[in-house]
Structure formats: C-alpha cells, structure tokens
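What follows is subunit A paired twice: with subunit B in the first complex and subunit C in the second.
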Partner chain A sequence: MIENNNSMVNIFVMGKKHTVPADLTIMKAMEFAGHQFKRGSGCRGGFCGACATVYRKKGSYKLQGVLACQKQVEEGMIIAQIPFSPSEKKTYNVDKINANANTFLEYYPEIARCLACNTCTKACPQDIMVMDYVQAALRGNITLAAKLSFDCLGCGLCAMRCPAEIVPYNVGQLARRLESKYIEGPTEHVLKRCEEIKNRKFDDEIEALKKAEKEKLTKLYNSREIITK
Partner chain B sequence: MKLAYYPGCTLKATARNFEVSTLESSKKLGIDLVEPERWNCCGTVHALSKDDVMHHLAPVRNLLRVEEMKKSGLIEENRVVTLCAMCYNTLKRANQVFNTDSDKAKKINENMENETSHYEGTVTVEHILETLKSLSWDALHSKIVKPLSGLKVAPYYGCLLLRPRGIGIDNADNPTIMEELLKALGAEPVDFAYKQKCCGSYHTVYMKEVVADLSYKILDHAQRAGADILVTACPLCEYNLGPRQTEILKRVTRFNQIPVIYFSQLLALALGLGEEATVFGENKPDPRPLLRSKGLLKEKNSDDRE
Partner chain C sequence: MTEYKSGYPDYMQESLQKVADSRSSRFGKEFTPMTAEQRQQILEKFHPDWKPQMKRILRIGPSKGMNIPHEVADIIEAHPMIKPEEIDLSKIDYDVDLLIIGGGGAGLSAGILANENGVAADQILLIQKLRLGDANSKMAQGGIQAADTINDNPAIHYLDVIGGGHYANKPDLVEALVKDAPNVIKWHESLGVMFDKNPDGTMQEIAGGGTSRNRMHSCKDYTGLELTRVVLDEFINKEIGYKEFTAAVDLIMDDKEQVSGAVLYDLENEEYHIARAKSTILSTGGFGRLHIQGYATTNHYGATGDGIVMAYRTGAVLRDLDSTQYHPTGAAYPEQIVGQLATEKLRGRGAQPVNKQGELFVYHLEPRDVESSSYIRECYERDNCLTTPTGMKAIWLDTPMIEKVNGPGTIEKEFAAMLRNFNRWGIDIRKEPMLVFPTLHYQNGGVEINANTETNVPGLFCAGEVCGGVHGKNRLMGNSQLDIYVFGRRAGKAAATHAKKASSGKLTLNHLKRYDRWLEEAGIITDRKSPIILPEYRGKRTLEHRLKIM
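And then the complex of A and B:
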C-alpha cells in the first residue's frame, strides 16, 4: 500500500513543473496539478488500459511505460500521457478464419518485420513478454501467443514503440480469439451460464438490484464473495 | 547426447516433414535435440546486411537462449543444431560478427539490456549434417536397417549451407557431405553440375517465372545425370524445386516431374521408421510411387494421405 509520508515531489507534466504530494499516483497527481481528464482515464483500477503513460527520470536515458492510475509519482519524473494509439484494426469473422500462422500474416503481415529487438516488452506496463507472443504468432503457435498475451489491456504502448510498426495487442487479441474458438473450444460453465441467462434465471435478482437503495447496494458490494487463488 | 536445437518458423509451419523426420531419426540415433523454451525468428535475410546492428539482435538473442540452456544444465555443451539452411546461415553469420567485431558485440548486448545475462559468444552453431558427420558415417551406417540400394539420389545444396565460404559446412565449389550421408544410407549419390546453383530464392513470391526457369535447369541436369530423386536441406529450395514444378509444367511441355524431399526423410526411411516419421505425404510431387517401385516402401495402404 501507498503510505503517506507527508512529503512533496517535483514532476514535469508535458514540460511544466508541478510540486505534488509524493503518495499520489501519476493520475491523481496530474489532477492535483489541475489537469482534468476527459480521455486517458477509465477504470482507475489498472484494468482498462486507457491511461497509458510514458516518463523519464532526470539523469536516466530509460523511457518507462506505465499506467497513470497504477504508478506512484517519483521525484523528477518527466511525464507524457499517450491516451490513444492509432492502429489498423482488421475486421474478420472468427467463424470463417483458420487457426494457423497464415491467418496472422494475412491480417497483420507486418509481424514478419519483427526484429526481435524486444522494445515492445520493455514498454509494457503489464510485464508481458510481448515480443515472444508476436514471435509465437509468426510461427503459428496460437496457444503460446494467447497464453503470453493474456494479461494485455490494449493500452497501446507496445505499438507506439515498435520500430517495425507492428500493433502487437491486435495480434494478441487475434491469437486469443483463435485459441478460444478453435483450440480450447467453448467451456462448459460458460455454456451453462448462457443457458441460465436465456432462461431468465437472474432477471428477478437484477430487477431487485435496480430498485435497491444506495445504502443496500454498498452493503451488498462490500460483503460480496471474493474468490482469491 | 543432449544438444540444443533451434527449429525456426518454417519447420513449425510448412516444413513439418523436415522437422519430424529429423527429430525421429535423431532419437533413433541417440541424439536428444532439445528446443529452447523461448526462441524468436532467426533473423532471416535481414541479418545479412552488413552494417546493421539492429538486425543482429534476433539471431544473437537465440544464441543467448542456448547459453542459458547450458547454464541451467538442460544441455551439456554450448552447441546448437539447426535444420533449416536459412536459420543455419543466419545464426552462424551473426555469431561470427559477434565474435569478430567487439564494437558490434557490445552494441548488440547493450540493446538486449533487459535480458538477465549477456551473450558471451560461446555457442557453436552447427547444421544437423555436421552433427551426423561428427558421429562418423560408419556409426550411422551400422544403424541402417533398410539400405536404400538402387536409389539414385541427387543432393542439391543450394547456397545457404555453403556460402559465404567462412561459414560453409563444406567446400563451396564441390561439397560432398550429403553424398557421404547418402552412401552411409546405402543410396547411390548422383553428381551433377547444378548442385549448388541458385533456386531463385524469394523470387518465388513475385517472379515465379524466374524460379520456374532456374528450377527447371537444376531438375533437368539432375535427371540427365540419372537421378531418381533430389534431396535438399532448405525449405525454400524444397518449395522452389518441388511444388513449383507446376509452374515448370506450364512452360516446358517435355518436363517430367521428379520428387524433391529433405535428406532427413531418406534418413528416417533407412532407419526403418514409418510414415509418422518420414512424412512423405506432405511432399509435392509425391515421392512414394518412386520409393514403392524401388521396393523401399510397401505397397499402398489406407494410411497414405494422397
């Protein structure tokens, strides 16, 4: 957990210096400094990938990729948000494509330009082995590509750093779709749940929740069952 | 004997018959080929441009994986075996650059800074033909259960196993290593003038006519020298000389098709392995009618995928 040490640090947001409390995340520090987020902020919980951010620290050549809602500010951070990465996202019908290497090359032929420089992996705020999954896709190892890319949020930092102009997160998504459609196949519990929804098993419950007071909802939320590993 | 084995992408996609036949034969010969847990593209032709350090990252990163395998005890020696001629050439040349140009070596390692260790240049890159030769042809011959007697085989080397001279597995002008293998298998090697001439390489993508022309010359010379079949060690040569024969047929009416397979498939056959190891069903044209006529394969059965 972040501890309050009552100290302040200096950060630079797009070149402008701000003195902010040291216990804030980059996102909260930027709000503290007066920035208002319209884009570049989403779930604030490290799940949506909307707040991709890069920074350098004074005295270091390293360019770091992080999520603004997850990373705590540090003295001397020079920060820029990259809330959106332009990408060519292909449209395909997952029922009509083949689970092999050629499918990746058909939709994303630029993966053949991968130099194995690993810059994508270094940029990833999720510590995913991005280069390894692009390479796995290139040789048709769909299961490996799907497994390695599983934690991807699609924040786009890998795509912005790739010298071969690959958009790795779209490649990973295609791999996971092929994996679940053709290799893993439909899972029992999902089919069962779909059937239950179709038979309106949860309709009453949902209606009750819709009508519930805030107090009751808060109580329910806080006492919900959380399964941890 | 446990050796690191670098497969490359083609063997995992379109040249399954090359990989399976080699791995099954190696198992039979007591060579345990261990694939690295993590590997990336060999670098292919990109890495051949001389002044480009960035393109050397891919091959050197693979060599680093081999050093890691050695350090964690997965293999006994710092050797990596390759099958694909392109992977062999790329890894070998990148290794040579690394070990002869200390400036480049430093830059390459600096650009792989997030690896847990640096590449130290200790790995020896070898082709499976060299591995087999190092175990002696006599030793191989003694393990042959089905000698390929009466089969006239033209070994086609292409360019990547032989050139540039500094990294070739054999004499660039008159290589004999595949002939030596074929003799050990009991086959009759056929010498022909086009055994290391160009197959047209990547022209196969945009200029099929160039490949059809060059392949025709190679196949025609092999046939005139009396060959029943050609063997190669390169998936691109295999494609240009094999499946591309349909392009030759469109241009040369007198052309007679001839099977082109990987040397490893004959090795597997001579070691007495079945279709699950030889994988002849994936070659075009199909080599099985020829091998049946030579008495080297049983008559057609329902397992054959034709």
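And then the complex of A and C:
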C-alpha cells in the first residue's frame, strides 16, 4: 500500500470533483475515483496512445495534451479524456504507390492547408516536431517526414487541435512505409537467407537437432560458441 | 541549460555516487556467466515459479493435474459468464468464413494472410476488445530475432531457443519459429517497416539474454509499435472486417464437435452477438494482468488470459502453464511507473546491473529467468539493494554506461522511448541509472498447437502468446515479436485452407454445460466467472502492492 500519510489533491474529471492521492497518474487517479476504463486505457506504459487526455489547471488558460498513464495528477486539474479522434485512413496498395510528394497530396490533400502555426507540435505528448514532418511531406522529403514522425503513438491530439483539419499521424504513417519500402528498400542479407531457407540449406542440421535426445541437446547448448561482440 | 538535478531522493545519493565512481572500473568488464548447475540452483532457490505454495494442481479438464499459479487456476476453475439457455443461437449476427479473436500482431497478420489465401475480406471478422492493434504486441521495445547474418543460421537459433526454454519446447514449433524468421523480416520490410540499419545498409543486430549471436532486429526501442502499426495499416488497406470494443466470452461448437464461432460481447452497449465461422483463430494474448504472485506487470490492460479459458472449455489441451516469465528489468522507481518495461536492449547495448555498492553481481545477459532470479537474490538474500519510498526493493541498471561504451548520443538515437518515459519523471537515463526489479512479463505456456497452429479441437486455431510449446519454460528476448508473426501468418493460411472445405453443423453451447459438470464433479464450489475481460482496479485496488516475494 502507498503510505497513508501521502497528501491528496483535488481533480475534476469532466468537471466532477474527486479527491485522490497526489502521487497517482491521471489514469490511476481516475480508477481510484471509481472509473473502469473501456476506452481510454491501453498499454499503460506510454507506448500505445489510447489514453490521450487534455487538461487545464485552475487559474491557467493553457490547454495541455498528455497521456493519462504518463502524467501525475496535480491540484486543480480539470481533465477530459479524448480516447478517439475521428479520421479516415485512406486505403492504398502499398506495392503500387509512388514515393513522392504527389502521393501525400493524393491521399491527404488537406496537408496543403497547413498554416505552419505549430499548434500540432505544441499538442504532442511525445514532443514530436509534428508541423515539421507535415511540411516535410508536403515538400516530398519522405526521409525527413519518416524520421521526425517515428516516435508517434497515433494518440490523435495533434489532429484534434489542427485548425487546418489535417490528421498528421496518418501522413506520418504513410511517410514511414514509403521510406522503408521505396527509399531504403529490402535488405540483401535477409533476402539471401530466405533463399537459402527455401533451398533447404539448414534442414538437415535442424532435423538432427529435433531428433536429438535431451542429454545431447544439453551438451550442445552448454558448449555452443557465443559470438556477440 | 539548467543544471541537472538528480531524479532520486536524498537517501539514495550515496549509493548513486558509488555507481558513478565504479563506472570506469566496470567499463569493458563482464561478470562471468553461470554454469548450467549454477543456473539450476539459482532458479530453484529464487525464481517465483519454484515456490510451490503459489501454485495448485488443476482439477478439471483435459490438462487436469498440471501445476499452475493460483491466479491462472482461478480463471480456469470458474463458471462461464453466460448461461447457455439464455443465448439464442438461431439468430446469427455475423456469418463468416473466419473469425479472429484478438487484434494484436498475431490476429492482424492472420487476417492479412487469410485474405491473401483466398478468404474474401468481408468473410473475415476480427474482434478486438479494445482498440484495433492495442495489445502487448505494440509494447515490445527491444526487438525481433531472426538468424539472417553470415555467422548465424536458423539451426543456431534453434539451439538457443530450446536451451533457453529448458528443453521443454515442442520441436516442430521451434523449427517453424526459426525457419520462418527471416521470411517474417522480409515480409515486414515489404510492407514498409523501418528497421534500424548500419551505415552500409545491413541490419543493425545485437544480442539478447541467452542468444549466442547478434540477431535482434530493432526499430529504436519502439520495435513493437512500429511492427504493429505497419501491419495494422496494411490490415485496414485490405478492408478486412473488424469490430472493436467487442470481446468473445465463449466459443461456440457444433454437433460435429467443431469450434464454429463465438458468443461476442459488445463492451459499449453490453449486448451479446452470435458469430458463426468455419474457422476460428484465437489470438487473445497472455495473462499479465492477472498479477501472478502479486507482481506488477509490463502487460497491456487487456492481457487477462481470456483465450486459455475459452479454448479449455472446448476441450483444447494446455501446456507449460507451470512457468511464467518475469522480465528482469521492470521499473521500480518512481512509483507511477512501477512494473513498466525497461527493455533488455539496454543491457544488449552495455547497461550493467549493479547493486547498492555499485558492484557487478551477475552476467548481464543470462536467460531471463536466471537474470531475474539473480536480482531477487541480490535484493532478498544479500540485501545489497535499495528500498524505494513505497517499500519496493530494487537494484540499479547502469544506463550511462551505454554512452561510455557506444558514444554520446546513443541513448537519444536508440532509446527514444526509455529516455522520454523516464524524463517525464525527472530521471535522465544518460546521467543516472534506473532502479529495476523483475516484473511479470509473459505467459510462457498456453494452448497446445501444431506447426499449422491447429489445436486438438477441429476448427480452432491459435497463434501468439495464448499458445504454449514455442518457448518451453522460458522465452528469449525478441522471440515473442517473432512468434506472433510466424504463427499469426501460419494461422491465417491454415484457417483459410480449413474454411474452404469445412461446414458448420448445428450450433451448440453444450460444452459449457459440460464444463459446469466438470466443476461440480471436482467439488469446486465457486461463484467465480470467466473470462474476466478487463482487470479490476477501481477504488483502493489502484493502490495495492501485493508482492509476496519470499
């Protein structure tokens, strides 16, 4: 148990006041207050973006975007979860698209409306340079768009704040797939190994291991060469 | 630039200083790996699996007699949520060729492969109890194994897997795992996954605990996120049918003893729906959220072990559920992130586990069960540990060593997630170590399958963490990301083939009545119901730390 002498704070979950232990995350504080999440809770470790949340603190005009599992409660927080962001992910055949700016404009033409206001970047709980990657996509700089957007969890907060109604995370996803598939391309030694497997190069060796008694396997395992430098 | 202020309380500063002081003398040094005998000894003395009072013998069903954790036995020895007489099986809400239960990496890749193998997109229904793609699959940080370099090959990978699993693995499944591995990487690249590369364009690969070669492929420390979101994007591109915030509460069978779909439960409108299917794939993941032995967990909110329960009620065989994986390095401080994963890749790139005195006490890349046991020993037998303000014992993981070994900037480039997630709590892992303690990580066992992902029940296929046999009694790092795509893809293909020739008979839930009889005959009187679908954290449960270590 957390020590009983821990201090408590008041938070307002969609306006409703709850008094909760001060050292909890927003997510755990909401559970403490009696919520059982259906939406709005996912990995609980900052990797999935399911718990996008906005809050204001009393006395401040600032609207802050955070992940509920990654932010501690503070006195006077007024909290609303935004567990869903309406958007249409365009469908495409990844084998038949081109790695250039036109692809972005074809599927997400609204990126041309970007006002360069940087609101998306300010809204990002991952501190990603969102506006910069949208602009990079617009210019056809796929590598930069892919690199800058890489840490995106798709929480949706940027899309909810964009005055030009762009959905940046869809643009980032497209950029990364284009970057890997068309700009980096497949890795030679992976393709070569797949060919060798297809030609059954290792089958005999594996078959022998499959048939080996535990005693023999143990011996082989304990004496195997370790080359990890 | 403001001056860096330590992220740890005053009383830890003396120990932190010792860690910093010993860093130069630890540079380039490795603790000697244990012998096979030493490993066995430490497991028996310190690994949670070896505490008999934390387990009990399963009393019902085809795998009766298996010794499993109480928390797992509790959900298996429980009544179905639904009463068969209250469910109208004559009204089919979804009539499809293939039903996939669970939308992590295994389920998504199964859907894509089934579609590519002839099942029309609208003849597939994938249900997911949370958001599509929200699963442990997304949380993997360190990497995915595949033997694709010149000094490595699938046979070497095989030996690592089966030795790491204490020779309890099912050989056919290990063979499938290691032989499909390079093809899985090839598939991912063809879909557009951005792997970490060397300047010459080759894959950047490192070692993990128990691997004898560098074969861990990564996407920074967001490997699972990157793999899942690309596969998810492709799944949506194929316009395959899916329904989110919908759980399965039990499988449906037919009068030919085949699995023929599932009773679905819409979490939002709380209605039941009937899905009939010629093939059914369970890809529901593991049970981390059962908090075995009170351990904190790295796992996703939805990891409640639903799949093993549903499969068992149809007569499917379970295996290897006596062993559970505790990841050596779960965050132990601050309180807000206790149990969350600190990737094994940190050790792969040079971070050393050290005790309160700043000393090495174990080889940094023992197999996970051995590594975890040594941390528990350092804390509970030798008392060479720190105790956090909330009473957790922990040792240091010396992350600043990573940059000493690989140069400045390495952490920002390769560990963006770790750097960010600890920075949020005022700890810069480039400057200060992490406090860690083992955390509940993985369900080693599960439903028994063959290399085609078939179970012993016709019509039922399983893939991913819900299965047992692939990893034996202990999984190696990077083999779960591999597992979900190897067997997810195989399941999609096999289920597609099955659906082409199968036909459903008259639907029935008699197996649930049979299950209640089993409980009664075994003298199990309980009001427990399962699957539990979502964990219960409301009210004071939020605050519970039930760790019963020694």
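The rule is short, and it goes like this: the second predicted complex is superposed on the first by the 181 of 229 C-alpha atoms of A that agree within 3 Å, B and C clash if a C-alpha of one lies under 4 Å from a C-alpha of the other, contacts with A are read in each partner's own complex, and residues count from 1 in each chain.
One rule holds for everything that comes next: a contact is a pair of C-beta atoms (placed from the backbone, for glycine too) under 8 Å apart; a residue touches a chain by one contact, two chains touch by 3 or more.
Fair warning: this is a prediction, and the values are worked out from it, not measured in the lab.
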{"item": "When both partners are placed on the shared chain, which of subunit B and subunit C touches more of subunit A", "value": "C"}
{"item": "First, second, both or neither for A:Gln135, with subunit B first and subunit C second", "value": "first"}
{"item": "Which superposed partner A:Asn118 touches (first subunit B, second subunit C, both, neither)", "value": "first"}
{"item": "First, second, both or neither for A:Glu110, with subunit B first and subunit C second", "value": "neither"}
{"item": "Contacts of A:Glu188 with subunit B and subunit C, given as first, second, both or neither", "value": "second"}
{"item": "Subunit A residues touching subunit C - in the complex, by the definition given at the top", "value": "1-3, 21, 23-25, 28-29, 31-32, 34-39, 41-48, 50, 70-72, 89, 91-94, 126-127, 146, 150-151, 153-154, 173, 176-181, 184, 186-194, 197, 201-202, 205-206, 209-210, 214, 217-218, 220-222, 224-228"}
{"item": "Subunit C - residues contacting subunit A, complex", "value": "36, 130-131, 134, 136, 138-139, 141, 146-151, 153-156, 158-160, 162-163, 167, 171-172, 174-175, 178-179, 182-183, 185-186, 189-195, 197, 201-203, 206-207, 211-214, 219-220, 222, 224-226, 229-230, 233-234, 236-237, 239, 245, 267-268, 298, 300-301, 335-337, 340-341, 365, 389-390, 416-417, 420-421, 424, 534, 536-545"}
{"item": "Subunit A-touching residues of subunit B, taken from the complex the two chains share", "value": "9, 12-13, 38-41, 43, 46, 54-55, 57-58, 61, 111-112, 114"}
{"item": "Contact footprint of subunit B on subunit A as seen in their complex", "value": "100-101, 114-118, 121-122, 129, 131-132, 135, 138-141, 163"}
